[in-house]
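Labels A, B, C and D are assigned to the chains in the order they are written; within every chain, residues are numbered from 1.
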Amino acid sequence: MKDISEQDLKSNIPLASKKENTPKSRVTVGNHVIGGDQFIVIAGPCAVESESQIIEIAKEVKRLGASMLRGGAYKPLTFPYRNDRMFELGEEGLRYLHQAGKEAGLPVVTEVMDGRLVETVARWADMLQIGARNMQNFPLLIEVAKTKKPVLLKRHPGSSLRDWLGAAEYLLYHGNPNVVLCERGIVAPHTHDPTSRFLVDLEVVLAIREYSHLPVVVDPSHATFKRSYVGPVAKAALAIGADGIMVDVHPVPEKAAVDPLQALNYSAFRDLMLSLRKIAEAVGKTL
Amino acid sequence: MKDISEQDLKSNIPLASKKENTPKSRVTVGNHVIGGDQFIVIAGPCAVESESQIIEIAKEVKRLGASMLRGGAYKPLTFPYRNDRMFELGEEGLRYLHQAGKEAGLPVVTEVMDGRLVETVARWADMLQIGARNMQNFPLLIEVAKTKKPVLLKRHPGSSLRDWLGAAEYLLYHGNPNVVLCERGIVAPHTHDPTSRFLVDLEVVLAIREYSHLPVVVDPSHATFKRSYVGPVAKAALAIGADGIMVDVHPVPEKAAVDPLQALNYSAFRDLMLSLRKIAEAVGKTL
Amino acid sequence: MKDISEQDLKSNIPLASKKENTPKSRVTVGNHVIGGDQFIVIAGPCAVESESQIIEIAKEVKRLGASMLRGGAYKPLTFPYRNDRMFELGEEGLRYLHQAGKEAGLPVVTEVMDGRLVETVARWADMLQIGARNMQNFPLLIEVAKTKKPVLLKRHPGSSLRDWLGAAEYLLYHGNPNVVLCERGIVAPHTHDPTSRFLVDLEVVLAIREYSHLPVVVDPSHATFKRSYVGPVAKAALAIGADGIMVDVHPVPEKAAVDPLQALNYSAFRDLMLSLRKIAEAVGKTL
Amino acid sequence: MKDISEQDLKSNIPLASKKENTPKSRVTVGNHVIGGDQFIVIAGPCAVESESQIIEIAKEVKRLGASMLRGGAYKPLTFPYRNDRMFELGEEGLRYLHQAGKEAGLPVVTEVMDGRLVETVARWADMLQIGARNMQNFPLLIEVAKTKKPVLLKRHPGSSLRDWLGAAEYLLYHGNPNVVLCERGIVAPHTHDPTSRFLVDLEVVLAIREYSHLPVVVDPSHATFKRSYVGPVAKAALAIGADGIMVDVHPVPEKAAVDPLQALNYSAFRDLMLSLRKIAEAVGKTL
């Protein structure tokens, strides 16, 4: 019943779906192309904590081979309370992120979760991220579409591919062709290993290739929420054909303001990049 | 890992959680109390289609024993395209709904999905509904909280109880104590009968009683998406201890503008009310 | 894809499926009929612990209105180790169970999990139970079918209705028409309340009515694994239209040899029976 | 609740779990070691159809680099009916399989699903497969353990890792240390791409490494049931660290007796082997 029918492809997702001769979409962000031969690595901290922190991280991940910088200035939190360390820098954080990207030579992506802030975020970011919780926040999607900026559309853990492509269709229909999908784990059966948060759905990469021309990256950090799983899942994402990954990197993960369980430190990130480079070569991609 | 810990109860959901002596919350909407001895039946069409349609339905469901009227003026749609019949009347629909409630003597509930429209919807509705897709749209929750109007907070099909109570906590924390939860089906294992859309999680009614003081109603129409399942699930919801149901009713369901597969016609609704009345008596509730 | 197709109904489950005029099957066990107007209550301990224990329980549940007695003599355990209290009485337990049923005037049901023991179990039991783990143990199903004894076929938590009816078809095809299905919880999304083990799939009762003529009972004890959920789920099972329940009862649940978290004590069972009696009347059934 | 606790590791799965210094187990089958540096590729048809068929396939997959031969002589079928092409050759098929393995120089693995046939199957096979449906058929596990032959223990789609390791513990406890686990897809949320049957749980490879010393292979054919997904999932399995794969290969998949939708033809298998060889090198394994 949730299957994507011929009718859906024609009437409901005419723009997001693939026709016989549709070439795969390529979305340009700064000096990189998502959806081409390069396997894109978006790296950075979950939250921007200070100007010096984000600049240091930006330079380091750039040095280790990252293609883009991530960092949160606005954080959707499950509960309305914040402790001292869960700070949210807001526009100040956006400026720091922008500066860090500039100094390191990396385009930046960051989340926007409030329609009233789209313009502000678009001013400082090269790519706007729609978080999983807002995947079907249609007024927000429409505001983001209007900016024409590249969009990273995360999948809600409880969302079907049909719903996800429906959300992408909103962006495309409202005039923004620069859409990249981001898988970050789905609601798993409770019999799944409970030490991992969500279950990364790598098969969805194949399903997207079947139905759509949109590029797709995988976020192993937020999917698994578990540091030791991040690297192996990233490698599997590359091997199965994803266009890139988005990965949390922090100099001292245990001290990260948000989500300290999942970030890689520099050393682990360097090792991952080395492995990815070898596998990329084996599967005919560049890094 | 998704379990609600002692720490959560204390630090994350202090307002939504139940202390030893917390009485169950009662939320008053018009002349009805949700969370008391009465089993609340919220009935009406998925979408307000015209003034005469909603007035007729309002009078009929009132006559058959409904406690509240539902009807959508703004509809979140999976895809950006609308055919002729999927109309969305907007503020016009709100006025019709308001008028219908007034003529029939029923308080009305309707969805608000855009923060910019909260004030408008609040002007015409007795209770504001947060749809499943917006359960964690925090800026919207905060705007809705400010109205102090009763809120019906639907559960996202991919949401844990912890996330759901976290969303309720936003409403409570931002000053609105009038929160009613609404279960409308969860993401099911694919081995679940695929003729039904989601799987209604009736056990969550018991889990809510265990952790929280908030009332909870069940929406069998949107959970099952299947007319013949609506009545039996509604009866089970009453037997297991829910505070009410929200059910789609339409004079000619096959011709309903939205979701034609799930609405009950008047005759089926009357039969359901008769059954519910008997069971309510058996379990010590009124209808 | 897991849906039950027209082709399945005709070619794969011709015996288990419902034709237009197929009456609902009624399975007679001792002096009771499962699938008729009576709501069947099968009660007893998870494991037969001693002769006096099972006789006492049998008399007590009979006094409180149970229709049948349950009790395990052979127990499938997740791990190969047994501590002192997880005893398995084997054939001795079968004799005690038989004796208890005789003294209390209750037919007995018990699990058989080894094809080599079918004859032995069939000698002492009125109904043979196929446990969830053996739902698709086809050689065992065939042996059990040959006895012609009534069979209680439990659903594997990871099984679709199609698979389940396929297993029932084996029993019917091999000559045993006395098949009763037993729902005992399905693999749930991890976002389901984790304090409950499986998620009881009450909607499957409706799906069975749609596709099949076989009776179905619900086991709230093994589904939820949580004492406080057992009663409410049992009431919901009755309200939604199940033909009965199977419920763990133990004089001192905390001291039960197996599964101490889920059994009801006599007082809780008495209260449940009172509630069920009222609801049964409301829905036109006897108890 | 389904998590593997310290208590489980000590008391319930002392043999299957990993202590601080436990080396990874290596299981020798014929001239190959599962669990070492070689990525094992078990290939062959779902069902043995004739002597010439299995000999031809054996020689071809050997030539293309397979390490072992698979082929079913006894097939558990969801329904009790077989059409002409769903034949099951029984002991005859075992002999053909044995002969094919001998001629091609490949050890063979095949399923045993009836305790009464364990001795027969063990006579002809180098490795015994426990099918997913029988993962917790404890009497069968005990019979198979007694043969001391290497065992391939498939995971039930509705099974937790805890249950799976519990089943492995039965084999180990009853004297058979030669246990290899096989992941073949889990019950997925219905929002998962419905064109694929189960959802392959690649993260479980990581969880097994964390808790256990047992080797694990992945079966992309039975997990996805979809030809175009088999290769990419196999590559991801290698990248994430599995010890091998088991893959259906058939000269004319569309004409396969059983499961025609999933088998690779020789050309697709050759391409897959080429890809796997490159990735194996990149991750420091041999093929």
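The rule is simple: contacts are C-beta pairs under 8 Å (C-beta built on N, C-alpha and C of every residue); 3 or more make two chains touch, one makes a residue touch a chain.
Quantities reported herein were computed from a predicted structural model and do not represent experimental measurements.
The most distant chain from chain B is D, comparing centres defined as mean Cα coordinates. With A-B and B-C as the two chain pairs, more C-beta contacts join B-C. Averaging Cα coordinates per chain places chain B and chain C 34 Å apart. Chain A and chain C have Cα centroids lying 47 Å from one another.
The distance from the centre of chain A to the centre of chain B, each centre being the mean of the chain's C-alpha atoms, comes to 33 Å. Among the residues of chain B, those in touch with two or more other chains are 1, 3, 158-159, 163, 186-192, 194-195.
On the side of chain B, the complex with chain C involves touching residues 2-3, 158-161, 163, 186-196, 199-207, 210, 224, 228-229, 232-233, 235-241, 275, 278-279, 281-283. Interface of chain B with chain D (complex): residues 1, 3, 158, 187-192, 194. Of all the residues in chain B, the ones that touch chain A in their complex are 1, 11-13, 76-81, 113-116, 133-134, 136-140, 156-159, 162-163, 166, 169-170, 173-174, 186-187, 189, 194-195, 197.
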